[in-house]
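First subunit A sits with subunit B, and in the next complex the same chain sits with subunit C.
So, the complex of A and B:
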């Protein structure tokens, strides 16, 4: 391995440290109209009237969209009007849209639109939504167009219900001598990408629709806009430059729809909509919340035999991607443990909250908190060491997942090894509790997680390679550079396969859906796996073409040729060869005659052998492989006021193969940072009207510099045989176990079960009975 | 001076002189324009980023006479006569190189603001201790990295000083 595994400097590094990296809102060469939303101030209310008279008085206002019935949108169920009509279903929902000459004018006019509301009862949690007589968020749920495998229940708030029925529960409970049962709950929160979402659209006279957007899914933007509005798909071109963070939040299609409608309303002129931070938090889709109950049974040796799990996901006002989150949460409902008898109901619930989008981990960090807390409660009851009980039950080759996929050495990582490494890194042998003094105690908590990526069974990825005359190569992939460094990894994969210097590879960072081959969506840790496979195939295609032309020039059969160091040469006589520069644009004989042409490589990949899950039992193969990780967190807890400091956080991840060590470390540590913030402090606070009380970064506080712990990261390398060089996805794993590990540490420290998030001192105080 | 009177209030536009990255520029501004808006929209310098527009995140940090300033919290007219430096004005500094080598960026959106803050810190407090570094850098938010990478980058430059 020449380049694989090396911490090569990222291809986007210089752009990013010099301020030259351009994001959607940075392209300012063409004059743009500005779109401004008017958003709902309430969680649930009837729209009585919308008065735009005063807004129209402002010079420079070009269009106002409100009260119009546009086609319904939404990925799995078409339940979402682009602009609310008749009623609003969440605080932050777009009700009207002003298009004006400048952002200032648009804002001023938007402020002058007068909307009268009549308040409706608010559905403020998924548990409340599930009650028999609950207020309905959607009265006409049965009438929406939907995908076949979505199962909304008309006249209820259930948007989807996924079932897992594995084994025989009676047998499972019979074998269980110890059973624990617990309930869990946490509210929605947010991704808080530093770049607020931004979308612009222009409709040209020939009907071509040009969109630029800060999206993780430009190809989905193209597909859905065509689908929703009956546009010709080939006429839609979506550009995505660098994206300033996504974490799943930029995978849904939302602002693009509004920008398209806005442009349409002004004769196709270009219109830009840039979210304010407040809009980005509450108006665009957020991080899903969850209510859950678990019953887990084990024998006296700590072996799990039965699990009965109910998940009520807080999908918010519209189902969109929450349907798939619900399915994913069911597919991996138990966490990475071998449990023979499993019964799970996973419900996607409508509430009057901001609707949910994917969030790094796609249901797995949320369910991991639930499962890992339950396991600690069980371990305590059985008086078994928390790491030991996890090791006893850790999923292994030969086991079957809740959807009954048979696991082998390739399609699941090595969890026992991850647990073993965590044990060493966190110095578990020194004990979980260390008394500092009567006031302070240092406590460790552990957890594990797993994930398979349940994306579309036919999700594609493609790569194109073109040569420059100097023998260097342009690499085009539909993966978005959202910060993960995947495009640098792809260059490394290409360099390794072609045995070429990495500097000879030029990576196109911007994606446009017309000239870049499709990568389904830059989500689910699938960039390296799928695009990597496509790049390998494209590299092989290039090698074949290079050899074909070199065979003629060198008068040797192709099977005698090798490719390395930017030349093709005879295997047995390496000094006899031809450089890329002589053949990559065709070969020219001394007399001027030429053969060949520019070498253009192509490669594609499509997920294989995935199936839909059975509607009654959940059986099916929802994802290609299960990556695993183990975690620990050490806190110093203040018994006086229940504040705490996170001293150390540890993750050991089986990533198959390290492709770029520092990038991998960055992915894991960055995810841990985000996971600790989700676990310890981030949440939306709702009032009785369903209003988010903290839609700002001074009241909704991510971790800041200096609040970060010491990070301990370890890698295990169990190759996924069909992954590029054996690599597995790595972008989400660091996050997923943090809530569980922190929850377990603090529960032990405080001496009380903490089954809610975020784990604030106030929450601990309440759990200790402080409010009474 | 041009004026436009409509609705409730008057929108007046002035021309002011700004010294940006060592160059003097005449820029048309309105009284209520923030410095961030003007450097991005009138001067085309898009390195400083809009993110919270509320002083909470630091993505728009620039230098005013060598001190870090959130340009979303400062009016453009307040910058007249002062020396403004944006990320575009930093070329090949040790802190930029350290950010590259320590992988102290990922999506890159907070990076210009972070680097401007770090650069001012390095200049003002070459002997900064952990507490001082924390006081300075906690004004910016990075959502991708773990901060440990940024810590390593800034400390590697401080050590060399």
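So, the complex of A and C:
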């Protein structure tokens, strides 16, 4: 291997370090109208009246959309009006939309729209939503159009209920000599991608709808707008340039719909909607919250036998992607452990919070906190080393997942090996607790996690390769370059297979849905895996075509030919060959006659043998493979103030095969950084009216540079036989175990169970008895 | 993006600034003294600040003075916080300043701007309260020099049209033993849960606090209790906690009860640092 595994410089690096990379809002060449939302100041309220008179007085206002019944939207359940009608269901919900000549005029006019509300009782948590007499967020839940596998319960706040019924619980409890039970809760938070969401739309006179959006799912934008509004799908073209981070938050389709409606309202003129940071935090989909209870049983040797798990996901006001998160959370509900008897109820609950979207890890970081904290409680009760109990129960080939998929050496990573490596990196042999002095103590906490990507069973990916006259190759894939460097890795995969110089590969960064083959969505760490497979297939297609024409030119059978270094040559006489330049656009004989033609490579990939989960038992194969990782966090804890510093954080990820070490390290460390911020600081605070009290970066604070600990990252390479060069997804794993490891370290340090997030000093102080 | 237009003036002298203010007032225009502009920009874009005119004082020489000698320290109100930190003429001031916002913002945030800020922490005022500073104000009726305690109660209370030009203190405060700490909700960024600044002078500990109440303050009652010799440390702290100004903040940064817990420990740290030292 020559290119695979090397830390080659990313193809988008120069653009980004020189500040020349363009994101959606940066393309300002054509005159553009501006859309500005008016958002709800309350969590739950009846809209009594909307007065737009004063707003219309402002010169330059072209349209005001409000109070109109547009078709309902939403991915699994059509429960969301693009603009609220009759009532608002969350603080930040778009109620009206002004379209004006400039952003300033639009804002001015938006500020003059007077909306009268009548407050309604607020559903402020999924637990509250689950109560029998709870206020309903959706009164007509039974009437919505929905996908077959969504199971909303009319006259309740349950948008979806996924069940896992594996083994026999009575047997499981009978074998369990020790049982722990605990409840957990944390509020929604946000992704805080650096680029706020932005979408623009134009409807041309011929009916073509041109959209540009900072999206992880441009192909979904096209499909959904066609679906929702009865547009012809071929007339919708979606462009996505660089995207400045998404983390799942840019997978839902929201602003695109508003931009489309806005453009429609002004005769098809181009309209842009750019979120302010505040809107990006509370109006656009956020990071899901969770309430949970777990009962976990083990025998005296620490072997798990039974787990009963209830998850109440805070789906917010509209179900959208939360339905899938709920399903995914059920599918991997136990974390990466072999448990024979499992019972799980995973509910997607409607609340009066911002509706939820996937968040890096897609339910796995959230459930991992719940499971890993429970395991530490059990380990403590059994007096077993926390890493040892994890090793004893680690999922292994031959085990079955909660949805009963039989695991083998390829479809699951090597968790015991990850645990072993974490032990070394964090110096576990030195002990979990080191007393610095009576006030300060250094404590280590550990965790593990796993993940499969429960994506659509028919999710596609495709790649197209074309040649330039100099023999270099253009690579087109529908993967979005969202900051992960995936497109560079695709180039590496292609270079390796064609055995050519990486510089001979030109990657098309922008995606447009008309000319780029579809890649389902740039989510779920599937970019490298699925697009990588498509690229390999396209490379093979190119090799075949090159050899076919070279065989004629060289008068040799195809099977005697090799491709490398931008030429096709005889295997046993490498100096006899023909360069790409002579054949990639057809071969021309000295007399002018030509054969062959332009070589165009194509490749596609679709995940195989995925199935829906059974409605009653959850049995099914929801994802292709399970990645695993183990983690540790070391904190220095102040026993007097309950404050702490994170000294070290460690992740060991089984990524199958390291394709580009630097980008893999970057992905893991970046994810750890997010995970620690989610664990230690990031949350929305709600008041009794369901208002987000910290909708600004002044008071909502991701980790800043300089606040990070020392990162220790290790890789284990257990190839996934299906993956390109054995690679597994890596983008999410660094995050998923951080909340659990931090929670375990602090619970040990403080001597009290900490089952909420974020783990602030005040939370610890309260758990320790607070002012009592 | 600010959703409103405003007139922008950049006077070159104090007199010009005062005249401008009066002339704008006569025209019935709402005006704002402005230097770094961070509050107008960040609050204006979310409709929490509005003005029809700004008088940018950053070119006025007096507002940019920075003098230190054996007798006194004098600082102009338009000095940016980073400038004050780089000069590092008063270590306590440097320490408090470096905890405010972030470095990029402190390039713009000014001494006067932070003291007059709408966002109520106004932490930079704490060292000036401790040092019994003098304040130079300039307004339609001319200039006046007053004690900071006469014009700063919770916020700067001056006559209409009066501008904060300079602050000065005796040099002995610069060298006094001090203790300062900013406790946040979590880690190293964010507003104060509590910022405490203390120094010892003439054998007495002085304490000023931001973040406990919706205003910064220095309290004679708290200092009396903290300096009550002959009582145990714990009793002195309890005494201080019993005479706190009200209300105690309860917000997203923390509950009132938790703030009191934090304050208790911070007062302990102040005493540990300063009780036994000569000052």
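The definition used in the following text is that the second predicted complex is superposed on the first by the 770 of 772 C-alpha atoms of A that agree within 3 Å, B and C clash if a C-alpha of one lies under 4 Å from a C-alpha of the other, contacts with A are read in each partner's own complex, and residues count from 1 in each chain.
Following the convention adopted for this analysis, contacts are C-beta pairs under 8 Å (C-beta built on N, C-alpha and C of every residue); 3 or more make two chains touch, one makes a residue touch a chain.
Please read these numbers as outputs of a predicted model, since none were measured by experiment.
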Quick one: is A:704 in contact with subunit B, with subunit C, with both, or with neither? Answer first, second, both or neither. both
Would you check which partner chain A:670 touches, where first means subunit B only, second means subunit C only, and both and neither mean what they say? first
In the overlay, work out which of subunit B or subunit C sits against more residues of subunit A. B
If we overlay the two complexes on their shared chain A, which of subunit B and subunit C does A:694 touch? Say first, second, both or neither. second
Using the superposition on chain A described above, determine whether A:108 touches subunit B (first), subunit C (second), both, or neither. both
Quick check for you: in the superposed arrangement, does A:595 touch first (subunit B), second (subunit C), both or neither? neither
Is A:244 in contact with subunit B, with subunit C, with both, or with neither (first, second, both, neither)? first
On subunit A, the residue positions that both subunit B and subunit C contact, one per complex: 104, 108, 276, 696, 698, 703-704, 706-707
Parts of subunit B lying in touch with subunit A, wherever the complex brings them together: 6-7, 11, 40-41, 44-54, 56-57, 59, 86-88, 90-91, 96-97, 99-101, 103, 105-112, 115, 133-134, 137-138, 140-151
Taking the complex as given, what residues does subunit A use to touch subunit B? 7, 9-10, 12-23, 25-26, 28, 57-59, 104, 108, 191-196, 242-247, 274, 276-277, 482-485, 662-663, 665-666, 669-670, 672-674, 696-698, 702-708, 710-711
So in the complex, the part of subunit C that touches subunit A is made up of which residues? 1, 3-4, 45-47, 102, 183, 185-191, 251-255, 257-258, 260-262, 265
Using the touch rule from the top, collect the residues of subunit A that touch subunit C in their complex. 103-104, 107-108, 111, 276, 278, 640-641, 643, 645, 680-681, 685, 693-694, 696, 698-699, 701, 703-704, 706-707, 758, 760-762, 765-766, 770-771
